[in-house]
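Listed below are the structures to be examined.
First subunit A sits with subunit B, and in the next complex the same chain sits with subunit C.
Coming up: the complex of A and B.
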């Protein structure tokens, strides 16, 4: 593990321990500066990242967990059939302002379908979705216009909200920077890498400052660093009061979410019914 | 010297040492570590030093500001506050009051 990896792990550890995002950034930057000036193996100078993160928490504490706000998304009894195949049976999810919900389950268990129903892009055969506030949706792929620049995407999203071109561009670039991406280039979307196109997708979905943000595995093609930035960004949005639903098949991030909805059918897991578990520790 | 024991001593007095060094003017982590080493306290690792600085900042004894150096990278500079000066006076004299009789006792024992 080199210094960059160590610093990345430290970043993740600090967020996992709910150190305030700003404070965490300073801690990491200061450690990076120290390592640059003094050299040395971070494992010797600072110790294992987990241990150092623990020492930091002991010194400065953690951000107060924001109290979950009002219910922003309520999906009740969602059932969906494709022909004779039932992909979703009685799925229920309630997400409040300031919470992250993860939708998990095996491939083909209806995660994306559930999200599209929540987004209003698809009708369920039974059940009801109630959304309170503005909705943002980031699909798994697509959603970008091949022949437009990133800036033009931002302007387009801005136009939908009555935001002028200049401010829309600036807001887009600032949001992209949160993902470690400088979006101001003159490259059409079709020439961006898959991972960068997803950053564009993700950036657009956050631009309208949605109250409910639905993300369908938006990190395909992200490198490790971007992936960390992505979860940092989610933590920030959550702390700012956004209700977030993220579809994922990666279970190693579940300790950073507040609610888990497992859509794996009951007969595959031995569970009685798909349901809600978890919650903030 | 037994490094475990040195670590224990340091834990009790490192914050006072840092406050004392900062009373001469603002400084940043790496420079403080070097100053402590140069003074003969021995090498202080970042993992030991920065949690102390963070605690001093959180309790308002120091303030911190990121600034570009003349040549080097941006660094987080720490500066003593009025409360820090007061804490240094109180904590420093408490330490001296404590360490003097300890020195006396140990000196008599060692030189007998």
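Coming up: the complex of A and C.
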């Protein structure tokens, strides 16, 4: 990681930890000046960006986070069976505006199934889901058209909401830029790398300005910088009042979320996440 | 209307970028025509029409299969099922009409003596039937290989079945064959009327089939309740 990457990671960390924007800018500018004038490896001078961000938070504190708003998604008693196998039993999750919920669990425990049920793409055997407002969904893979350009994807999604072509293209490109991707090129989706294709996928799901955003492990193929940008964007959306549900198996990100729903059967693990909701008994 | 046109446009764009597929779309009816060229002209024209029908059906099958994962998210983005299947059908009909033009001109260049109005009507019927036919197979069979094999079976049956037999009327492209007979053999008007009616009915039934499958697959599920933002 070079100095620029280190500074970018620090910026994202400060943002995630809700350090006031002005203070965060000041800290990053000071660190950049120090590195430019004094030289040296930022990892040696300041240590890991996460650790340095932690020290900054201890020193200057954080801005108060916005209070969670009204309930945007309420999934109650979701049960799903495939033949004789029950993959979800009585799973319950409530997410308010301005909250991020993580759905975690072992492989095959029904994380994606749960999300598809919440999106209304699959019916459960029992339970119901209530959604307030517009729904956005980003699948784990697929969900794009191989022979279309990124701009054409934006136009296609935008037309669904009655958005004209120009504004849809501009909104798509702006959302892609938040993930560090310049989307205006002349490249068909099939020629994009796996990570860039996922950026397109993610951008499409946020394009309709959803009130509830459902993300099924959307970061597959992301490099470190994009991964940081991704969580940074999630924080921005949360602060803007979006209710977000993200399926993840990366437990190191759980300190950045407000709610955790663990779908791992209780007999398979002794681990319990903080703020756990629902799941299986 | 804008949503319908956008889906049609994107279907068209996708197909036009598949240059290999386009080449094969053109090559298939041409081969069908040339392979029977030395024999009786009627067989040659009928093969051409079947080739156009098969080519457009195959394109429809592949377009439908490719859109399978995209459609649910477009539904969430504000599209209704009819925007998606009608838009796609519109795009495929347009592609079908475009590739029909050289095959309308081919017998003219070849100096064939036939009723060209009939040839145009037969081509229209082929294209009209082929788009919803390929889409229906694509909607019912999620994998391309199974769909392609089923299409192959139908076209083979269409080729080999006795057109005068009652079973022939159950095959999707019987209409264009009937109109082709009127076109080439100067038969009575009944062939043309029967063919047009068959084409119209089969297209409508296939389109209804596509609509039914799409409406079930992309339906709003009962467990999900939408509330306005409070």
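One rule holds in what follows: the second predicted complex is superposed on the first by the 222 of 281 C-alpha atoms of A that agree within 3 Å, B and C clash if a C-alpha of one lies under 4 Å from a C-alpha of the other, contacts with A are read in each partner's own complex, and residues count from 1 in each chain.
One rule holds for everything that comes next: a residue touches a chain if its C-beta (ideal position, glycine included) is under 8 Å from a C-beta of that chain, and two chains touch if they have at least 3 such contacts.
Here the structure is a predicted model, which means the values were calculated and not measured.
Q: I'd like to know which partner A:33 touches here: subunit B for first, subunit C for second, both or neither.
A: After superposing on A, A:33 lies in contact with subunit B but is clear of subunit C.
Q: Determine, under the contact definition given at the top, whether A:133 touches first (subunit B), second (subunit C), both, or neither.
A: second
Q: By the touch definition at the top of the document, which applies to A:120: first (subunit B), second (subunit C), both, or neither?
A: In the superposed model, A:120 contacts subunit C only, not subunit B.
Q: By the touch definition at the top of the document, which applies to A:188: first (subunit B), second (subunit C), both, or neither?
A: second
Q: According to the contact criterion defined above, which of subunit B and subunit C contacts more residues of subunit A?
A: C
Q: Residues of subunit A that sit at the subunit B interface in one complex and at the subunit C interface in the other, please.
A: Touching subunit B in the first complex and subunit C in the second, no residue of subunit A appears in both lists.
Q: Can you list the subunit C residues touching subunit A in their complex?
A: So the residues of subunit C touching subunit A come out as 2-3, 6-7, 10, 13-14, 17-18, 66-67, 69-70, 72-74, 76-79, 220-230.
Q: How about subunit B: which of its residues touch subunit A in the complex?
A: Residues of subunit B touching subunit A: 28-30, 33, 45-47, 50-52, 54-55, 57-58, 66, 72-76.
Q: Taking the complex as given, what residues does subunit A use to touch subunit B?
A: Subunit A reaches subunit B through residues 26-27, 29-31, 33-38, 44-47, 51-52, 55-56, 58-61.
Q: What does subunit A use to touch subunit C in their complex?
A: Contact set of subunit A toward subunit C: 70, 117, 119-124, 127-137, 139, 142-148, 152, 155-157, 159-162, 188, 204-205, 207-208, 211.
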